[in-house]
């Protein structure tokens, strides 16, 4: 089995995840394998059946994709190699010949429903919604005649012999989904100057200031957080770990220093990778806070050495 | 319509939410109205069709129930009157006569699936899982013959003419779901000494220390956080609000002082209520930090007045 | 005894303190009583022998005047009514007829010596310095013939029958001394919009973060510190209290809130008064940080009341 | 000139500084050179005329010795090699034959006066105090007949042909003076496990949180402060630097890390040395905070390297 040539993804075919995967140039030369769940896609990587897997991790309307967050936080370690941002806009897919007035039942992924709720209330107030396992699966169920219409990406229409009756449906402006390409632990992607680092952090004990201390490890080095999400550890109500993205690359000394600080105070830290920020270039980044550049760290280390040698 | 006598809940009948509701003494004298979604249950309250609604808000395995968090954070204000904790344990419900070996398909709420995954892998490795809209709905679909078995609370069996083939199934020990009874804004429940206060906090701007400042408003008054969850505001990737539970009651001066501090620095704060902590009595609470008792606040205010009057 | 008409000051006559006192319009109608020490001047106020006393508190070259800091921090409480800033520039006073070449011995207050050290080294390298109890006293000793020259304010010359041989002597540019007019506890001076508040704060215990917590009470309300000085409590090496000036008036709600916070966490706080900042007008003040205006505090208090009443 | 064999000290002979110096074993083999001022003693080191100088730096009653703090903070760098603690207790020295009733005038160093003030008020209420340049100088002036009595260390009596009329005089219990032996920059004293590190820190700008940030660099690494004193920079009222002692040795990784953090955020840091804490042994030290041991730092650094290599 030539796993190095295969990329798994959250299937079935025709989902936004597939569309995101096909937006990556390297996907053109890969075998793309749809999997039934986030867990299955990531397990394919862990087992060696796939070189990497593309899974959704965050949606600007619905928030974190908990299956992905939890799968990355536990089990055999994986790393994020890169991220892809995809604007989310739905088409209402129907069997050829169906008119809006014919639609009594609609389906789609549960996460899609809140993103089309207003549109549904305005345009199909009497239609009954039932959730499908995925948007692609919803399209298949329309093809099979089980529902009258499905919300999915427009790109899914041809695959299932459907046609887009309405396109560009989205309640929220600028809705985006963020996907990550996860693989086995490896040397992080090269530094670009517009990078992001992902971590999972466990709090040591229940003391009230624990989260505060953790955030201070970032702020003390001028490292900006771009995402923080609490997830239950499964050890009972009130026990959390934190899934965090911060600006910068692990080879940036301010980031490395913050990571070491976190490693010292947290009972467990999982490094999930450093990778280029999708849609950002170095000139988009906020200026570094005074004293947090690599040069500032290097100068401080040299000064310390001089002090220790009696030369300061 | 006598809405004051009606409590809505996340239906259908036979779900854990109904079981939680029936654990509340006052439910005995109410009409209990199952609703198709968290949104529908809370909208029944907003419209006056129900006096209150019980909805799940947090699960020790799956985390926050995002529909509930988001419904409480937006729209016409609601308040949490009280909370209920329910240990979660599943039964495998089947039509009478079904044996384990007969089961080819199983269903249940998507949130249930990760909580029985290990049990399934060990006991029904070849069974196909399909999600249902709720655990109660899953039971109904087994009754209708669409699936062979459903994971649900044991209490749901009789309602759907099923029998519990296996009981007490749960991958995680001590799995709990927390439910909240939400109603229209009202004077908070009386102080008990073992209270909790719920808030939604919006960050003012993107500056990196904003979350840190927000947490310091709590820690500066010795107010412990028991839950913090980020939720997207819908304004794009990277824009969050925070759903927070802290120890104490709004009439505790340390909590009131923290709330005022948050109100000053956050562009928007939503107070979701103060109510007794389920399963906790005053003697279970951590001792107050020095200087944060009501007496300490009162003495400080009196001292300030004396200083302003030239009597200190 | 008409103590209300008498102002004590750190004497003797001819010191910078007297010059500072005479710069205050109200001094014109008072009897001005020189005292032998800061302690004696403040004790005159405590005993009722004087309505107020002017004493130096800080020098831009030499730092805090410890006698004043310690006298205000201990004993029967006093309050600062106002402050006066005086630029410090010395004259070299001699008996008429003395030339620079004749000067073998010079005197002055010990605090003056570092402020003229460079000038001495350049112009009178061989002269012997001996300290006097005050600059005025030094001038007197020159008058009596004990020393050849004294550093003092030019204004002291005529009082002691001396003449200023050299004027405008000061090693540091912009050297200033700050004086405070202290009286018995009274309602603080009226708010001006360019005010300062003085405090003495004792740390509760030895825990390493105690000073940090204390500073956070200021920073959490956007209250800027303009001076902080540690002073030994006399209970042994390593035991300190902190003498602090912050921007703002006790009737500014952000300042009052910070004071109450400090009162709660410190075992002892002494309020030393709110008074206009010398040389500053409201337009010189830094803009308030967002959320720290009186309006923001009032709105937060009203919002809290609405929440407690179920009207938020 | 054999400067390596000479130790300068704040003279004249017969002061507490000489007593402190003679308490050091290595002083027995040195030439001890009394100097007229702290500046002169330290300049002897800078010029090479002395190998080191012992000067007082802190008094538990009077606070920091500003001349020493300022001399160490500016000019050509010096380092503290070690510290000496001396309990302070005064004797009243008189010419043989003098009785208490004969004493009309007393002298002593200005710093001594507040330490014997109560004793004077109770025992010699009518005696006139005049300051001397040092306690030793006061004794000399009694010998010369200028004053009737001098407060000084009992050890000074024989040197000046005086006798101790009263001994063990001290208003405060446990009064101590701390002296430091300062020399030219050199490799710090060996680590002992009960060490102290001295620094001078300049704040970068006037922003209100600057001191807070500086303190956080210590607290984030669990490094306890044992002394902090503000000193004017001479650039005008309100411009300070901070003279700081913290627990630990520069070769402790938590201290080195804090120093590097300070170096990055402060425009100027002066390292004044790491040396054994007088009167403390390793077992007297507070336990390290979790995550701040050398092992914790080493593990964090190794973990970071593994993450960067893709082996975490």
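Letters A, B, C and D name the chains as they come in the text, with residue numbers starting at 1 for each one.
The criterion applied here is as follows: a contact is a pair of C-beta atoms (placed from the backbone, for glycine too) under 8 Å apart; a residue touches a chain by one contact, two chains touch by 3 or more.
Not measured: the values here are computed from a predicted model.
**Student:** Along the graph of touching chains, what's the shortest path length in steps from chain B to chain D?
**Tutor:** Shortest path length, in steps: 2.
**Student:** Taking the mean of the CA coordinates per chain, how far is chain C from chain D in Å?
**Tutor:** Whole-Å distance between the two chain centres: 25.
**Student:** Averaging over Cα atoms per chain, report the distance between chain A and chain D in Å.
**Tutor:** 57
**Student:** Do you know which chain D residues sit against two or more other chains?
**Tutor:** Chain D, residues with two or more chain partners: 216.
**Student:** Pull out all the chain pairs that touch, please.
**Tutor:** In this structure, the chains touch in these pairs: A-B, A-D, B-C, C-D.
**Student:** Show which residues of chain B lie in contact with chain A when the two form their complex.
**Tutor:** For chain B paired with chain A, touching residues are 58-64, 66-67, 70, 85, 110, 114, 130-131, 133, 172, 174-176, 178, 208-209, 211-212, 215-216, 218-219, 222-232, 234-240.
**Student:** Spell out the part of chain B that touches chain C in their complex, as residue ranges.
**Tutor:** On the chain B side, the touching residues are 77, 79, 185-188, 204, 216-217, 220, 250-251, 256, 259-261, 263-265, 269, 271, 290-292, 296-297, 299-301, 303-304, 307-312.
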